[in-house]
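Here come two complexes built around chain A, the first alongside chain B, the second alongside chain C.
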Partner chain A sequence: MTLTARGLTVSATLGGKRIDVLRDLDFAIAPGKVLGLVGESGAGKSMIGRVLARSLPPGFSVTSGRLDFLRPDGESRDLVTVPGPELSRLLGDRIAFIPQEPLTALNPLMTIEAQFGEHLERLGLPASRRRARIVEALAEVRLPAPETLLERFPFQLSGGQCQRVLIAMAFASEPALVVADEPTTALDVSTQATIVQIMRRLQREHVTSLLFITHDLRLAARVCDDILVLYAGEVVERGPARAVSQAPRHPYTRALQAANPPLDGPLTRLVTLPDQMPGLAAFANLQGCRFAPRCPTRDAGCAASSPTLREVAPGHFVRCADACSVAAPAAPAVLRRLEAASSGVPVLVVENVAKRFAGKRDWLGRRSAGVDAVKSASLTVRPGEFVGVVGESGSGKSTLARLIMGLETPTGGRVLVDGQDVTQGGRETRAIRLGALQMVFQDPQSALNPRRPVERLVTQTMEAKGSNASEAQRLERARELLRETGLPPELIDRYPSQLSGGQKQRVNIARALCVTPRLLVADEIVSGLDVSVQAQILNLLLDLRAERGVGLVFISHDLAVVRYLCSRMIVMRHGLVVEEGETEAIFAAPKHAYTRALMAAAPPDDLDRPWPPDAAALAAAEG
Partner chain B sequence: MAFLALQLLFRRLLLALPILLCVSALVFGILRLLPADPVAMSLPPGATAEDYEKLKQAFGLDRSLITQYGIWLGKLLSGDLGGSIFFRRPVSELVWVALPATLELVALSLFLGISVGVGGGLAMFALRGGLGEQALDGATTAMMAIPEFLWAILLILLVGVSLQWLPFIGRLGPGIQLPPTITGFLLIDSLLAGRFATFGSAFTHLLLPSIALAIGLAPLVMRVLRSSLLETAQDDYVTQARLRGISENRILVRHALPNAALPTISLIGVQGGFMFGGTVLVEMIFAYPGLGNLMVDAVRNHDLPVIQAVALIYCVLVLGINAVVDVAYLAVNPRLRLAGAR
Partner chain C sequence: MRLSPRARAAWLRCLTDPRVVTGGLLILSIATLGLLAPWIAPHDPQEQDLLATLMPPAWAVGGEARFPFGTDTLGRCIASRLLYGARIALYVSVTAATGAMLLGTLLAILAAYFGGWVDWLISRAVDVWMAFPPVVLALILLVGMGAGVNKVILAIILIDWTRFCRVIRSEALVVMVRDYIAAARLAGFGHRQIMLKEMLPAMIPLVITMMSIEMGIAVIVEAIMSFVGLSVEPDVPAWGVMIADARQTMHQAPWGVILPVGAIFLTVLGFNLLGDGLRRALDARLVLSRAVATP
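== the complex of A and B ==
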């Protein structure tokens, strides 16, 4: 075993109470095997990496248990207690890390050669041989023309290229263990597939053990040999990847799986868990099973005593009192799509809009070439219709949203709201726009003014000129909005910092609903959320359509989510719409090569279908 | 890189020309509005109205303001700064003596301010969370709370008068001969002439006024660098370097410091400009014969040509230091100099 955890417990002291952030963790990774650590944010999955690196947050410490690492000399060392200098010698050499954010994980002021060279110097490679070794390592991660990258700085590379450089660095020492913490989360789907492919190939070739930390059960099922599911600091299920992902036994794992919209097969309404995982401070108050308060199958016994991990099948462990007896939840209702209303004036018509950003002046005053963020895009949304805009970073999908909202003025084409031309902006067109359209921004963290309570945030539009709503009316409207977006009424006087990520996104949506718009423009509003919270938000949007007839332009990189929500979709690439049509038709038979490549890049639910796709298909998507 | 730096410097100088033109017009115009009569001051007692008119004509002060400005500007461009009314010598002669003195003073002050600032910033970062940081923090507060002219006086009283460690009047000790003027920079000329005693005297005379000026810069550099270092210490690439087993010292010097230096360099650009302003008071206190003292004398005597010339030179110096800082910024930050930066 390369790495063995035995009863590992990480505790923090919060408000004078000891809280187990990670409780009684057991696992083992054999040489050349991949262990997946799956969990939502706050589950404690990143604690392992931090224990290894001795970078626990202040106040956190390992209070019991061991983390044994098998050194190349055959001696086993407990990484929790090993002296600092010895740990430093292991880090980067025998144990390597692949980070989550490739663009910020490289020093922006150092060339690739300088950073890689520093790493090789640390590994003891003489200066004369470093350059050749770097080129060789970069070629191994399939970076084209590696020699040309040496003098480049990280900001001159794409996220995917940076991640390949980091993977090359991680494997340069042929480590026994690689810890990859969400290595593809910040990347596009097609890049994700490439990165996974490279990581797995190197890991197999070098017989390296890989600890793969992710929030994505579907991805983990593809990458890992074994999977360990964490909930609130505890392992709730552990076993072979196929068993855990295809036939989960713990209600939480089942919920995770059910919350993930499928890429094929019939669509059913996503089953969501109530609330969300308790925060750290709430860990101390949990009695008995930590999952019990949200468990759909709990009984009186669950709150009384903590269940232990039981082996339900060879190598398959579940922490649930009656994991075997619990039946799979009843199949939920098949989702009915709203038939696109063929009659009625479209709420929004976008005709061949284009946006060219003039080049910036550099320090010599030379104007660089301009950027065509959107070359030509057309889109029609009828009342109550959900239209998806799919594309990867740089496809122009966010610029399209800003053009629709009038935050940018198009350099070509027209934008019509309710049949009226609002292309050029100005005061009157602004009134037309604001009456019909509202935007929900991507990041609720920065979209919500931290100094305003929820009531003021959601009724912000009532402060607009011409609206003379009284304080009582505002409060009343705020209550309605909270109810409509499924937020508990007591949140009304809270500030954004007191809300969870999912609650913030609901407030963000509630704010857009205040003036009862007929169309919401939502830019990647679920990409920063955990799957279970994402499912709640997706269902909320469906409910809003059913109850209020709100339409939606849903911008996303996630094909499964678009398939779940939208009856029609467009696919954008390099500022152009490459494909458009009914969602079902496009999923059944994508016409454009890029759409096909994009679909191939997303990991399919069916584990028997090969993934990642071959390199040629990926190259077509990444292009 | 060197070529790029030259290109940038050249461009900065081009941009500086209109600024200089505006400043020259402003200085010229404002000084003419002052209720000062240089002609009357230049006349011996008992001169007649006729003598007055003659001198006024000789000075060219009877012409229109715009013509006067045109003449002054034309001469300026040919390198003629005019003649001093008070000293009865060409202004350029006065400036050629005073300018190197001030440049030496500012150069040493910048060197001291930056070294102490960077060293102190690193020390504050290294000692973070401890008593050492609090002590240094207190020291910076004290340094900033007391203005530099007061520091100058305190230094004279303590180091100069009580302890008698360093001289505090003028540029050279009594009885020490000036070396032959080659560059005008005393430190350089004395070394060129091989007079080490002169060099020593000039250097010790520079120390106290430089320290007084550096006290204005060092604490700011310390604080800005410390807070930038604290920020970069949280950056991903620092964590990743640590996870690769790179030593802490190397992380600080190779990764954290260059990234943290960027705001500090901008700060030095701004404060460097202020430092020239600081020389006026400090030179006066230390009786140091630089531009500042020349300016004070000129103002006291309504010596318009000298005031104009020195004001313009200050402007050139400030623009020059900004250009140098820009080049330094460019050298440290590849994002600015490389095309294709995203």
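== the complex of A and C ==
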């Protein structure tokens, strides 16, 4: 076993109380195997990497257990207690890391050759052989023309290329163990597929053990041999990847699986868990099973005693008293797509809209070349219709949203709301537009003024000029909006910093609903959320349509989510709409090569279908 | 008034910061002494006692209890003059800093909000303005406008608004790209509403911090201007005037210079401690980096 954890417990002292951030963790990674660590934010999955690197935040410490690493000489060392100098020799050499943010992990002031060379120097490679070794390593991660990359700086490479450089660096020392913490989260879907493919191949060729930390159960099922699911610092399920992802036994793993909208097959309403994972401070107050408060199948016993990991099948462990006896919940009703009224004036028509950002003038007044963020995009949304806009980063989809909302003025084309041309701003067109359209922003952290309490956030429009609502009316409206978006009424005087991510996003939606718009424009509103919270928000959007017939332009990079919500979709690439049509039709038979590549890049649910796709298909999507 | 948890935490950080507490107490006591001057000063600050000139402080050899800090060349009570001088110093610092703050913040927010040529114009004005050495600029302004304490205040405002403008503009630019500004626009807010209700509140911590530092600067500038005779009338007790009067007899009676210099020193120290403490307690970046370090 390359790495073995036995009873590893990490604790923090918070407000005088000892809290187990990671409790009693057991696992083992065999040489050449991949172990997946799956959990939502706050589950403690990143703690293991921090224990390895001894970079626990101040106040956190390993309070019991051991983490044994098998050295190449056959001796096993406990990484928790091994002396610092020996640990630093192991790290970077025998144990390598692949970080989450490739762009920030590389020094922006050093060329690729300089950084890589520095790493090789540490490994003791003589200077004369470094350059050749770098080229060889870069070729191994399939970077085209590695010689030309040597003199480049990180900012001249794409995120995916940077990540490949980092993977090449990680594998350069032929380590026994590679720890990858969310290595693809910051990347586009098609890049993710390439990265996973490269990582898997290198890991197999070098017989390296890989610890793959991710929030994505579907991806973990593809990449890993074994999966360990963490909830609130505890392992709730551990077993072979196929068993854990296809037939999970713990109610939490089941919920995780159910919260992921499927890419094919019939759509059913996502089953969601109530609330969200408790925060660190709340861990101390959890009695018995840490999952019990959210568990759909809990009984009186769950809150009283903490269950232990039980083996339910060979190699498959579950921490639940009822793990075997409770069958998987019955499949929920098939989701009926609400068909939009085909008649009537479309709420929104976007005609060949374009946006060119002019270049900066230099001191002689000459303009540098501008950027075409959106070259030409058209879109029609009928009342109550959900339309998806799919594209990867840089496709112009966010600019399209800002053009629709009038936050940017188009440099070409027209925008019509209820048949009236609102392309050019102005007092009247603005009133027409903002009466019918509202926007939900991507990042609630940035979209909610931290100095406003919830009540004043959601009713902000009633503060605008021309609205003379009384305080009592505002309060009444705020209560209504909280009710509609499923927020508990006591949150009304809280501030954004006191809300969880899911609650913030609901406030964000509630604010957009205040003027009772007929169409919401939502820009990547679930991409920052955990899967279980994402499912809650998606269902909320469906409920809003059912209750008030509000339409939606849903901008996302996630095909599964778009398929779940939208009846029609457009696919954007490099500022152009490359495909448009009924969602089901596009999923069944994508016409454009890019759409096909995009679909091939998303890991399918069916583990028997091969993934990642071959390199040619990926190149088509990335290019 | 209902405080947001953020504001409450900021207050708490301020009140537990040793710099803020020390600086605050210093300024508070100086202000109290200045305000109570007519009641606690042992003498009228202009009252001359030509029989008791250049008296040393009460505790020194030859000192008398009726002149606690001694007298100057005209036999005026130094303690009383110091107390009255505090009034001038604080009056100038508060009004000048407020004025510079208002002008600088207004232009900064306008520049950041409208961008384009408005920003260009304001930023270039700041650049040009800052290229003048401040003391020379102050002298030129005062020569042009004539002497007087209110002219000094005006001069400080006209010189130091650039300091506010530059720092607050960069902070406002950070806020401008926040989505909540776009959200406010979509909520139907007008320009003025966005600037006052969404942007300005985010600037307040920085504005408070800069005000405090600016007040310290204003005390020094006023003292310099009094020293060269461009500020108050010669018969008004100001710390700069006291230093100017006492410098001829500095060797016989050093306390005549040391005491007003000490008063200026304590006041400026107070404002600087306060400013530095407030900056540490209110600056989101510093607070954030500490919060990460101690979860």
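Here is the rule we use: the second predicted complex is superposed on the first by the 615 of 623 C-alpha atoms of A that agree within 3 Å, B and C clash if a C-alpha of one lies under 4 Å from a C-alpha of the other, contacts with A are read in each partner's own complex, and residues count from 1 in each chain.
The rule we apply is simple: contacts are C-beta pairs under 8 Å (C-beta built on N, C-alpha and C of every residue); 3 or more make two chains touch, one makes a residue touch a chain.
Just so it is clear, the structure is predicted and the values come from calculations on it, not from any experiment.
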Practice prompt. Using the overlay on chain A, decide if chain B and chain C clash or can fit next to each other.
Written response: fit
Worksheet item: Looking at the overlay, what does A:A53 touch: chain B (first), chain C (second), both, or neither?
Response: first
Item to complete: Take the Cα centre of chain A as the vertex and report the angle out to the centres of chain B and chain C, nearest 10 degrees.
Response: 30
Practice prompt. Report for A:T380: first if it touches chain B alone, second if chain C alone, otherwise both or neither.
Written response: neither
Worksheet item: In the superposed arrangement, does A:T9 touch chain B (first), chain C (second), both or neither?
Response: neither
Discussion item. Just to be sure I read the superposition right, which of the two partners does A:L90 touch: chain B = first, chain C = second, or both, or neither?
Written reply: first
Discussion item. With both complexes superposed on chain A, which partner does A:Q438 reach: first (chain B), second (chain C), both or neither?
Written reply: second
Practice prompt. Please state the minimum Cα-Cα separation between chain B and chain C in the superposed model, rounded to the nearest whole Å.
Written response: 6
Fill in: chain B residues within the chain A interface of the complex
7-8, 11, 235-237, 239-247, 250, 254-255, 258-259, 326, 330, 332-342
Practice prompt. Over in the complex, which chain A residues touch chain B? Could you list them?
Written response: 53, 55, 88-93, 96-97, 99, 101, 104-110, 118-119, 122, 153, 155-156, 166, 169, 362-365, 368
Worksheet entry | Of chain A, residues touching chain C in the complex | 12, 14, 57-60, 280, 402, 405, 407, 430-431, 434, 438-439, 441-443, 446-451, 453, 460-461, 463-467, 493, 495, 497-498, 511, 514
Worksheet item: So in the complex, which bits of chain C are touching chain A?
Response: 2, 4-7, 178-180, 182-190, 193, 197-198, 201-202, 292-295
